[in-house]
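Okay, handing you the structure first.
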Amino acid sequence: MALTREQMAQRVAQELQDGFYVNLGIGIPTLVANYVPSNMEVMLQSENGLLGMGEFPTEDTIDADMINAGKQTVTTVKGASIFSSAESFAMIRGGHVDLTVLGAFEVDVNGNIASWMIPNKLIKGMGGAMDLVAGADNIIVTMTHASKHGESKLLSECALPLTGKGCIKKVLTDLAWLEIENGAFVLKERAPGVTVEEIIEKTQGKLIVPDHVPEMTFA
Amino acid sequence: MAGFDKVVGSYEEAMAGLEDGMTVLAGGFGLCGIPENLINEIKRKGTTGLTFVSNNCGVDGFGLGVLLEDKQICKMVSSYVGENALFEKQLLSGELEVELTPQGTLAEKMRAGGAGIPAFYTATGVGTPVAEGKETKLFNGREYLLEEAITGDFAIVKGWKADRYGNVVYRHTAQNFNPLAATAGKITVVEVEEIVEVGELDPAHIHTPGIYVDRVIVGHFEKRIEKRTVKEA
Amino acid sequence: MAGFDKVVGSYEEAMAGLEDGMTVLAGGFGLCGIPENLINEIKRKGTTGLTFVSNNCGVDGFGLGVLLEDKQICKMVSSYVGENALFEKQLLSGELEVELTPQGTLAEKMRAGGAGIPAFYTATGVGTPVAEGKETKLFNGREYLLEEAITGDFAIVKGWKADRYGNVVYRHTAQNFNPLAATAGKITVVEVEEIVEVGELDPAHIHTPGIYVDRVIVGHFEKRIEKRTVKEA
Amino acid sequence: MALTREQMAQRVAQELQDGFYVNLGIGIPTLVANYVPSNMEVMLQSENGLLGMGEFPTEDTIDADMINAGKQTVTTVKGASIFSSAESFAMIRGGHVDLTVLGAFEVDVNGNIASWMIPNKLIKGMGGAMDLVAGADNIIVTMTHASKHGESKLLSECALPLTGKGCIKKVLTDLAWLEIENGAFVLKERAPGVTVEEIIEKTQGKLIVPDHVPEMTFA
């Protein structure tokens, strides 16, 4: 079975480490915050200028001046700091964020990512995505393995305009956990019940399949 | 102390000197920390042909969105736009030009503009449409883009508290692009919720020193919320 | 919260991992805001062949000057040096190399190092010995120099108060280069006068967010004054 | 009579305007602060990270953490702000300081200035001087017109290594007030009792002498 959005978030959360500063993109990445192991602390960075993002406020504590990069009203945790957009991206561009999780339209075997622009459709902009992929060393892309029409999103070469070049090493799809090494996707884990054959079929870019591909486990 | 008293008494005075065709830097992220009354004054003035440098362009009927109604904006330099129908319409009809700039690059371009740095290198955008026509250079084997600074004829800024000398502090994440825009305007106008006595702000915790600020005005703010999210009780 | 608890219990632990030949960025201006105990620990360790990036090099017997006594420093990157006899002696004998860098360029190089900006243009130094061997480029008809970022294996920083997460505030003009050095060290060590509870520092007024800081230690400081000037009573 | 150091400071102070942010270098420039007209407010910027420098402290209020760029203990005025060295030089480099006053060894007809390095003597460094001259539009150089040995410091071309190129437009010496225009020094004012002939004799670079050269006046 393909992973649910919640399961995808759970699997990504397994990559967290105690003391990580993490930037979570909109969508599935946001859900990762719900699965931080209880014996672990991570601090969420929001690129509009907040380190130490907390949960949503109550109706009583909602504050128009306290939002995250998704423009949602939020709160801060103890020990948070708030700063300008230049300082925020100094952190990001300077490689100080330990893990960035974001969605994409396509990823290719050379670690290229396309996530912001579909030609001939309205282009709203890249926001902070280009800075995030250029600045982070440790990025996890979360997306469905294939489009609704069955077209692979793991390609030999991205067809869409890029968000970043050669910067992606880890991809979690609804079918598999893959790492990008030497111009190929390496199949590391498969979703419970998903066959290697299905993954091969739905991966257009070069795929390396080890002898043993374990199923993902969820605590 | 007339020399450092930057408080003006009317929004008309606050935006005096703004002319058709000028470039305006605006603080704010989404609808958070936007200089809403200064924007409304620009609408009232009817200045046209304006280029705005702002992370976003407001929504229909609020923020920079109101300046689309009478087609006052000819160009936006932003990282993310199109949260309103009018924007999309004017973009598709060619009445409005957009220069999409990565958010971190946009922030750094404004900082550079204020700091006398004409250009800087960044890895952001290498290999993407953002890199088209830009110089690249290798540092330690990695490719970087040369990005140029941005300055404006005016900067419009939303602060929380200011003193008469133009020292400003921002509230929570309403800080965002505001202190950067403040440094890079030939004329920097700051509207705030409260004017405090000179000496009341802690010198070590002033976000925007008065040297960057030309005019200060106190206003009332709607502070519209774009995405109201609350937790289950 | 072990993950974000950055407080270490000894100066030995604070400087663990410092090896011969490394580059160390140090905060401070003159003797103001210098990490005096971290410097003393480097003296105790006896690490040699160090390159220091610091605006100044202390005085005889205090600050970075103490590291000259056993010839631990092989190179200084500074804007102003030579306030002590030992420095002059080692410079003239060739035991010590100095790379003089304009003060503002030095500050910006550290900021750039921490901010992932590999290089930037500045008008500072054009037409002077500082420009030798550096690329120049015209922007709006004016000539600018390309200056590269600086990073360090270690950054040693003097703060006023910090919490366990490594959020730091500085006191008065003891801020100077400290927050810049803090961003640009692979390992950033901050010594402070006081450790406060997490949550005690106002989030909007933290000078150095904890993300830049690896280790925090509390110390006692002599705070020697270089030029004691008082007004006539 | 050649101006005293105090008179030089007084003459420079005549160039102040109400509301000016001013950076004063070490030596004679520092004295300018003593002659700010009483109907005027100026704010002093010190490049170590202080805007709004006040007078020296008393023995009771002296604080090692509060110094100026000359490393002297100082105080702050009401409305001061304190910031990092990067922010301080962003102000300076970005042209936000209205007036910079500093000393020099030599100035030439093309607005070049040499103030930091004498070859074969110990070189201590340029500190913030190169940033100050590159960043400011409005600079006044204060120096003696000639060396103790009578050698002119106003040259056709600086002999010493430069601090900045083409950035000086105004020079106050102990003998004269001069402005640099189109590759020449223009004699604007002379010190009381100093003859035009003496100034001509002690100026090596091209000097333009208007028909009438007024004496400086001091209030």
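In order of appearance the chains are A, B, C and D, and numbering begins at 1 in each one.
Assume a contact is a pair of C-beta atoms (placed from the backbone, for glycine too) under 8 Å apart; a residue touches a chain by one contact, two chains touch by 3 or more.
Source: prediction; values computed, not measured.
Distance between chain A and chain C, defined via averaged C-alpha coordinates, is recorded as 35 Å. If you average the Cα atoms of chain C and of chain D, the two centres end up 29 Å apart. Within chain D, contacts with two or more other chains are made by residues 82-83, 89, 92-93, 134-135. For chain C, the set of residues that touch two or more other chains comprises 108, 111, 115-117, 122-123, 171-172, 175, 204, 207. If you sketch which chains touch which, the pattern fits none of the simple shapes: not an open path, not a single ring, not a star, and not all-to-all. Chain pairs that touch, as defined above: A-B, A-C, B-C, B-D, C-D.
Those residues of chain D whose C-beta lies close enough to touch chain B in the complex are 17-21, 40-43, 45, 51-52, 76, 78-83, 87, 89-97, 134-135. Of all residues in chain C, those touching chain A in their complex are 1-4, 111, 113-117, 163-165, 167, 183, 198-199, 203-204, 206, 209-212. Across the complex, chain C is touched by residues 46-50, 55-59, 62-74, 82-86, 88-89, 92-93, 112, 117, 122-131, 134-135, 161-166 of chain D.
Contacts from chain B toward chain A in the complex involve residues 29-33, 55, 78-83, 88, 91-92, 98, 100, 102-108, 110-111, 122-130, 171-180, 207, 223-231, 233. For chain C in complex with chain B, the residues that touch the partner chain are 108, 112, 115-123, 137, 139-140, 142, 144, 148, 169-172, 175, 202, 204-205, 207.
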